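Quick one: the structure is below, questions incoming.
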Amino acid sequence: MTNRHLIDLSSMSQAELSELLNLAGEIRRVPGRFAETCHGKIMATLFYEPSTRTQMSFQAAMLRLGGRIIGFDDPNSSSVAKGESLKDTVRVVSGYSDILVMRHPKAGAAKAASLYSRVPVVNAGDGGHLHPTQTLTDLVTLNEETGRLTDLCIGCCGDLKNGRTVHSLIKQMSRYPGNSFVLISTPQLGIPSYLKDYMDARGVQYTELPTLEEAMPLLDVLYMTRIQRERFSSAQEYEQQKGVYVLDQRKLKKGKKSLRVLHPLPRVDEITVEVDDDPRAIYFEQTEYGMYARMALILTMLEGSERRLEPCPKSTHDHRCQNPNCITGQEAYLPRLFSGGGDMLTCDFCDERMLVE
Amino acid sequence: MTNRHLIDLSSMSQAELSELLNLAGEIRRVPGRFAETCHGKIMATLFYEPSTRTQMSFQAAMLRLGGRIIGFDDPNSSSVAKGESLKDTVRVVSGYSDILVMRHPKAGAAKAASLYSRVPVVNAGDGGHLHPTQTLTDLVTLNEETGRLTDLCIGCCGDLKNGRTVHSLIKQMSRYPGNSFVLISTPQLGIPSYLKDYMDARGVQYTELPTLEEAMPLLDVLYMTRIQRERFSSAQEYEQQKGVYVLDQRKLKKGKKSLRVLHPLPRVDEITVEVDDDPRAIYFEQTEYGMYARMALILTMLEGSERRLEPCPKSTHDHRCQNPNCITGQEAYLPRLFSGGGDMLTCDFCDERMLVE
Amino acid sequence: MTNRHLIDLSSMSQAELSELLNLAGEIRRVPGRFAETCHGKIMATLFYEPSTRTQMSFQAAMLRLGGRIIGFDDPNSSSVAKGESLKDTVRVVSGYSDILVMRHPKAGAAKAASLYSRVPVVNAGDGGHLHPTQTLTDLVTLNEETGRLTDLCIGCCGDLKNGRTVHSLIKQMSRYPGNSFVLISTPQLGIPSYLKDYMDARGVQYTELPTLEEAMPLLDVLYMTRIQRERFSSAQEYEQQKGVYVLDQRKLKKGKKSLRVLHPLPRVDEITVEVDDDPRAIYFEQTEYGMYARMALILTMLEGSERRLEPCPKSTHDHRCQNPNCITGQEAYLPRLFSGGGDMLTCDFCDERMLVE
């Protein structure tokens, strides 16, 4: 891979991504061939907020490659929380391990870690910002289950305004020809306008529909997510609307035979339990694809990686990022890195745009 | 094994149990022969309540077989607690692993897990209901230490009303010829009448004695457990009685030379520290036998097991189990499975009986 | 090693220490040669207080030797805290594992553990008492970085009164010829008089200086530690003095080119972040040397070790240790072991001296 770290899936070329997807498929088919490929290697999982599912997926992935694991999963009960900077922890732990996997509540934390790490860093979720291995999981699932990443009509249902997994999926699938999207949500929770611009610029077709029922017959893929109760504009609207975005057996009947239903999990009640038994429901298999995706990623990142500390980039501007969820607000020593120019800058850590005077 | 899962030791035939005990003994004698037998396999430990001792025993067992481990040990600090059903967690984690070990505060939880797992499930304690690997540990200990499981006079001391380990031991040892029991407890804390019926039906001899002192000379085996202070009928009675059920050097002197003292641990003060140095005290060795017992179990369960999801059984009745500690009260999607007929049903999850109209 | 356990570095002969340092260096240079030397062995990490950094260092060390790990890191969320004695836990866990690593808030806890363990015990910190593997880390760092352990002028800066890592370093380095010390602290936080006596008795040179600035040009090694705010005699003094014991770029300029700056970590603000980029700052490398130090230690302790329970020594006196932080106050069954004679006894667990009548 061109990049030593995986912070944002967008930084990967389509050729690199394609190689990764093929490798994941090969690992799935002949896992025995890869059982010792990371023998002697250590993965450190630095989870600054608990995420048992993601952590277990990474751990299972590394163990199935023959590697080993150190790390923490709850800094509150750990001494790491006691006033050590992210930089110091990363400098130390990257001396013990061969690859770092980081989960953090602040946007840009994995990017920050990559500045000080002697080994490759994988972003396992940085606040509501990015979660590239979830999207990688979704792509492997689609590739393996439909046999292609092109010419798919993909329904996205739920809270499309705030769902980072949906945003990332739309971006990635827009890179492949022939895909179109059906966006199913309330008027208030539609996808952000920048994503519409993104699709328009690439000539990607999309429709917005108010109900899951209308959309069902059109879809090759349905990507379900949850709308949290408090996102509805009123309790009354919640009561009226809630059923509209719940997938049940009745609605599923209107779907194609070849439909595939995905969900990033955990689900709450947006898919009824009965749906689980339908062969088109593949959200549990999806988590297993996620393990193969992470195996392919770890293997690729460790291959040819050498331990080295690269010089930390210098601040590009004097400004401070104004995003309260950005890691730069918490770790004051970080360089101030922005892209763009004129009076509009984008923070390299959290990707928030900022108007400067 | 006939059964894919180990939920209740009673479901194992005596031939299967015998094979398991022999295997545990062989592993103990030539551990090197088994050091790589689970190479490449992953055990997931799903501990919905912390139990460090049990978890470490399972982990050591799996590691000594060459296998690896993922899992969690405290769902409060983990995201698993955040509204994901037991079913979903089991479906996901059984995609990452080759065997599941589950500890849960609700009765029937391991049984529930077995309905949705693609890999074998081991019950590592489900509330106050069952704890089959503790009983397996006890059987391996007796078999290795006395060289037999027959013709033993077994004293059980402590809270025999509520002690599930004692109940399970009595049931298992009643399957072997020539064993007899001496039950040592307060009148209020004697064994439940169903266990007396059980022994009567099998022609198993038993005596009830009020003091440990009287019982000592009779015993080949003494299985000690604790009476919690609050189980006594009054504070006054506690003060009068407490010493009666404490094993100390003076009482131990009245025991046979070949006596073996067991305890499921942790002990509090029901065995004095001085007793530890007596060679007849084998409760610490017992925990090591527990590791061999679990090694034999894991090895047997993984042998010839293939990943598959069996169809979930349909509800047998419309009734709901009334036991507030039953897993079915918490996980509403579970099928309602009962055995028995007429107006008396037994819940297949928690084994509670229920009168229906 | 003469001693089966590592409780206190002082109990190691200089020849043994020297062998250990050489082995650590060899492991660092050709790690591959040692990658399977602990294959099949299990290390149990019993951390009665969280110390993520120390635990990860031990874990990485054991994994890089091909071994495996069980243990706990937070007894509050674990059942071990529920009324089981240290003795019982150690008896049980030493039946599961091949080496125990213990961290505990009470002085003497590792010594106590060693009385009941069937396998070697390593002290990973017992309260403010001892932390031998930190000192071992410091020695390996000095040996590898300066190529010698003799003829070094070593500056120790910070709270020298309470800093156990500094005390231990001074003791160890006083065993080698030609070393001298520069002690940099406030008058209230100077080193204890017993350490001055110790150096005087061995003819070791030392100077006390009030500022880091004056000391800088003299030093081959600077060992930085933190002065906690509350150690200053007043808030006013804190404000006046705090900068004096902070290492920044300006002060570092006065240091030799060959200077090496060490710190046991975590640092808070006693070394400014800019210093990290100076090649003389080796505190992050120091943690990696710590991993090699622990690899050498584990390997040496496991070599030729056999599982056995040694008879527990009998109480030497009737007295109880008066130190409120001593493990003997918490675990009442421990033998009362004291050294010395006449009316001055030293507790063998916590090393506190006690006047008896």
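In order of appearance the chains are A, B and C, and numbering begins at 1 in each one.
Definition applied: contacts are C-beta pairs under 8 Å (C-beta built on N, C-alpha and C of every residue); 3 or more make two chains touch, one makes a residue touch a chain.
Predicted model, so just to flag it, every value in this text is computed and none were measured.
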- Query: Taking shared residue numbers divided by all residue numbers at the interface, is the value for chain B and chain C over half (same) or under half (different)?
  - Reply: different
- Item | Size of the rotation, in steps of 5 degrees, that lays the CA trace of chain A over chain B | 120
- Task: Quick one: report the Å distance separating chain B from chain C, using the average Cα coordinate of each chain.
- Result: 42
- Task: Provide the list of chain A residues touching at least two other chains, using ranges where the numbers run on.
- Result: 77
- Which bits of chain C are touching chain A when the two form their complex? 35, 50-53, 56-57, 59-60, 63-64, 73-74, 76-77, 265-268, 273, 276-277, 284-285, 287-288, 291
- Note which residues of chain C are touching chain B in the complex, please. 40, 42, 44, 68, 70-72, 77-80, 82-84, 87-88, 91-93, 95-97, 312, 333
